[in-house]
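All chains are identified by letter, namely A, B, C and D, in their written order; residue positions are counted from 1 within each chain.
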Amino acid sequence: MNFASDNVWGVAAPIMAALEATRLGADGAYGGDDLTSKLEARFSEVFERDVSMYLVPTGTAANALAAAAYCPPFGTIFCHGESHLYYDEWGAAEFYTGGAKLESLAGDGGIVDPGMFSDVLDYFRSGARHRSTPSLFSLTQATEFGQVYSLDQISTLTGLAKASGLATHMDGARFANALASLSCSPAEMTWKVGIDCLSFGATKNGVMGAEALLFLDGKAHDDMEARRMRGGLLMSKSRFLSAQLLAYLADNLWLEMAGKANDCAKVLGAGLARSKEARLAWPVAANEVFAILSNKQDQVFRDAGAIYNPWHATGPDRVSVVDDGEILVRMVASPETPMESVQELLALTIK
Amino acid sequence: MNFASDNVWGVAAPIMAALEATRLGADGAYGGDDLTSKLEARFSEVFERDVSMYLVPTGTAANALAAAAYCPPFGTIFCHGESHLYYDEWGAAEFYTGGAKLESLAGDGGIVDPGMFSDVLDYFRSGARHRSTPSLFSLTQATEFGQVYSLDQISTLTGLAKASGLATHMDGARFANALASLSCSPAEMTWKVGIDCLSFGATKNGVMGAEALLFLDGKAHDDMEARRMRGGLLMSKSRFLSAQLLAYLADNLWLEMAGKANDCAKVLGAGLARSKEARLAWPVAANEVFAILSNKQDQVFRDAGAIYNPWHATGPDRVSVVDDGEILVRMVASPETPMESVQELLALTIK
Amino acid sequence: MNFASDNVWGVAAPIMAALEATRLGADGAYGGDDLTSKLEARFSEVFERDVSMYLVPTGTAANALAAAAYCPPFGTIFCHGESHLYYDEWGAAEFYTGGAKLESLAGDGGIVDPGMFSDVLDYFRSGARHRSTPSLFSLTQATEFGQVYSLDQISTLTGLAKASGLATHMDGARFANALASLSCSPAEMTWKVGIDCLSFGATKNGVMGAEALLFLDGKAHDDMEARRMRGGLLMSKSRFLSAQLLAYLADNLWLEMAGKANDCAKVLGAGLARSKEARLAWPVAANEVFAILSNKQDQVFRDAGAIYNPWHATGPDRVSVVDDGEILVRMVASPETPMESVQELLALTIK
Amino acid sequence: MNFASDNVWGVAAPIMAALEATRLGADGAYGGDDLTSKLEARFSEVFERDVSMYLVPTGTAANALAAAAYCPPFGTIFCHGESHLYYDEWGAAEFYTGGAKLESLAGDGGIVDPGMFSDVLDYFRSGARHRSTPSLFSLTQATEFGQVYSLDQISTLTGLAKASGLATHMDGARFANALASLSCSPAEMTWKVGIDCLSFGATKNGVMGAEALLFLDGKAHDDMEARRMRGGLLMSKSRFLSAQLLAYLADNLWLEMAGKANDCAKVLGAGLARSKEARLAWPVAANEVFAILSNKQDQVFRDAGAIYNPWHATGPDRVSVVDDGEILVRMVASPETPMESVQELLALTIK
């Protein structure tokens, strides 16, 4: 019963098979190999537009490079105050940009509130002589609270951003889960609703360790080569990243896996919602469940060996009132999570 | 009728005389001169404790060096969301620290709310695995809204900071104005209430251009020599900074000037408070007046040639409700501001 | 006949098998897994001393983190002018340190000349008021020209470094090749000869993509956690790095592979040395061959499909005189390089 | 007898008078004042071309901002290995660029050798895949060894730089001294020989503390506003910098002062050259004398109270052979240096 995170799990069989398939032989190093070329072409297909691709080993790296691509050292990046970019990367965006400011926005369930965003943009315009220049807006899809932006919500926010001259970035650490949830196309969820640049996550969804920074804005981003290298992020045997992602994108594997994780989370969420000593902090929209448990229920789960993380219930956001005797917890499903574990956990709910 | 800022004005006669007095002759460059040694000793007298002093040409430089002294690149600095450090230095603290995160706090009139500070510190402690390490707390005395922290208020906040292992910094761009307002000693307003480090401002108070970063914590800060030099902040003819500050601290000049500016602001504030078409957003505590004017009153002032700045009334803080037909403005007094200008302006208030 | 680099090749079977063995199931993310703990213990065994280990995806990352561990933003790192750290990482060390200076040293075959190093240290001490503080010395073993420092040579250089208060780092991108060449123990080649910190390379020697930064100095380097994370270098599924390196270190695999590559290079070098139209720029000491070919010989090789890189013959060093009609080339052997390829190439040498 | 440096001296009377003249009254802060506008126009006159001007308090600041204007974090700056930019600013250029690499060049007397520069550029082009991108060339006029580039020498070097796509910068800490030495126009010594950007120094030549970064390339450098502010380099009462420089440029004051300092150095140099126990390391071309003294002569000078600095005779350059029993020293003249001091010193030379 491990619901700690989707990245505590392993690797899907076709991904590992793809690594084995390219195990031997020589090909170009540092991305100069055939598989990497194929992968870039494949991404262009998947996104119905020519993309520029930069492979990196982690999602934090993709986010930070995206930040550096659009935000100068003296710029400001706007993002949710509980986003990964803001709070969980130990200042990676600040590092890669050379000291940009991250300005936190709020909104229920990790979804940026457009009214607040608009107010903050106004604030920056007024008397802004020596303020860090507004440069980039970043949102996370699915959010850090397992919510999924609708296409309209994305459009509204990117519209505000672009009206103020900002570029737009999507942190897609759980891109596939969001896509499976919305049942739309990758293009529809990104550039068609105003997204310039995407951190295309895969590791949380059954991949060993491979992420892609994708530029969808049709512009050159030549400095990325340098920034990735000096970040220590350019893997010499890049073909082993490309092999993972080619297999991931083949035969609908990525969406099947995301769907499986989402379904698992849905069952888990529904079960908890029915129980007397638990309720959902937010509806389950992707592969994460945020539940408020009574301390008693929490103890029962823990005693039975269930693994999951308590969550901070008092952000700048404070979206959920956790009463005395309660705890907010996060439970995450991965493609590999056994449905049996979910059933086992739900069997422990106090009726 | 120029109330735009205290730094639009000039230089007090004794300051200029001190420059003239050291105009000729040779002495050590880069701070190796007699006046600089004397000044450091003088500061130790004034603060009743051995201080380490680093002269710099601007207050932004002092703040940014203080940030770098206590906060690593992967650290967090807590400060008010409308502080100079946060919003008006184009990311100087981010630059000098090498990419630290500045976390904004709120509170009426620029005074950090201790409850909110405490909540945010708790938030950082919970699930904080990859968050930028809490490192420094900075407050501004007097605040950017002309308010003055009481000694108790400072103690409370530095107590919270130190309980979380943070160092503490005071941005004293208007240090003398606050001191004159509280009628306490420099020691009482700083290290005796838990301040480790002070940006000692002087330029806004009748000095040409000289600020001092003062460490009051009794610790060595050897890296400051390097950081000041590589910031391009070490003036080769440093004796001309020291001469200014020695004259500033002599014969009570600094406090007299601050008192004069404060008095001027008080008269201005009291006069506006009495008028029908204006009210104060906050009480006048130092040398700044924040007033809410009717648009009509504003126009009358402008038409008569008065100079002052509109202020953003909708910060994260939104401390003051400005109704339709009103405007929030800032009027600042300096030691050089003629009381006649104040009277002239007040004569224009609509009865 | 691909001799372009050792990182154009693939992955040894036991390494891939180790990945497969840990493919499924849940374990701690971000290095909190069993395999990672085991690996750190294993490294302590291998190095006969408690080491602190930080896994990273690339050698550039290991080098840059090592630089940041010992060198402040205002410091100087001394290294060979043709070292990877200096010239081939697009400023990674400058980036991770926050703007340190890299001071280039010279010496034949990439081996730092102790006389020159000593002179440069003297130069820094004289009139050094505003020079970037000497902080770290880094050498590469085996060097970028395939040479191997003797233990005495390392001792001499680290002795000079330590006498000037510098820390010492070894870039061990080809650590195993050097070790196999010297037939000494890992401890003997590192901390016993004054090395504080090691970039332990593996990727060039049959591993997919896993490197370890090892601190051998017995000191805490707590900032590394933060710096690795903000560099985007902490892989969430770290167990897949650890699995690779555990297999690498098991059953003498790493040294066998390095020995195989070295042998291959030796045969290649000996064959070229015998030919009329080629000579060695330096003796073959590890798995790299630097040969000076006549243009005619070069053309014959190229026409037959041989792959290798021309090398710059005129560094600050200019160690090798390449005459008109000649070219300096680098040929690299990996554990996977077929000895048949070597024979095929040698058969093309002009008698 | 103080020949330690030109910046140990004071301020010319007309400069101080100009400060006094603008002492009182209100004008725009942060450069929004009349004098600053006038100064920019004056510079355009002096340089016979529209210049963009950024005032800063130090020459190091001007150099570092120039570096950031043209060189990205992943770029390389080429400059003499004994230049101020390279060795005497504690890594300011590395800091302001965000981690660029400074590549040292050599050449007698601080004059970059074009052959070596050309070789290094070639080296960067060969196999340069992951090298910090060549971006900027910087030279110092007059050099750190008191030499003055001829216009042809500047043209040759800027020609090489531009052929490789580099921008060009002149560190003019002693610009006036060089100009007085060459008897040419500011335009002839800068943009007419290929200089894009100039650190216009004044502090070493009788000014209190004011330097100007001048862009002569006709391009916008909008990021300079931000970079200057976040460097803590924007003085709020900027009119006091402008007043200094307007007086400096008025009535030929700057060139008269430089001429006076140069003359003084010439007399000093000629006298030393005639003595038995001293010789010149380089001819005197501006206001600095580099002399090789016998230890005996040095002692005689010191005993009589003469102040000057020993100089490192063994740079990467090692241009001057100092024999046993000798010492290389630097003696600098300023406009304020009394000719009597020179005569007094020369009277002490051993016949």
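Note that in this section a residue touches a chain if its C-beta (ideal position, glycine included) is under 8 Å from a C-beta of that chain, and two chains touch if they have at least 3 such contacts.
Model, not experiment: these values are computed from the prediction.
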Chains touching both chain A and chain D, listed by label: B, C
Remotest chain, chain C as reference, centres from CA atoms: B
Inter-chain centre distance, chain B versus chain C - centres from mean C-alpha coordinates, in Å: 51
Centre-to-centre distance between chain D and chain C (centres being mean Cα positions), rounded to whole Å: 41
Centre-to-centre distance between chain C and chain A (centres being mean Cα positions), rounded to whole Å: 35
Per-residue overlap in chain D, given as positions that touch at least 2 other chains: 73-74, 89-91, 94-95, 98-99, 129-130, 226, 229-230
Complex contact set, residues of chain C against chain B: 30, 72-74, 98-99, 129-130, 132-133, 223, 226-227, 229-230
Touch list for chain B against partner chain A, complex: 73-75, 87-91, 94-95, 97-102, 104, 119-120, 122-123, 126-127, 129-132, 309-312, 314-316
Residues of chain B that touch chain D when the two form their complex: 2, 4-5, 7-11, 13, 16, 19-20, 22-29, 56-65, 89-92, 94-96, 203-204, 208-209, 226, 229-237, 240-241, 307, 336
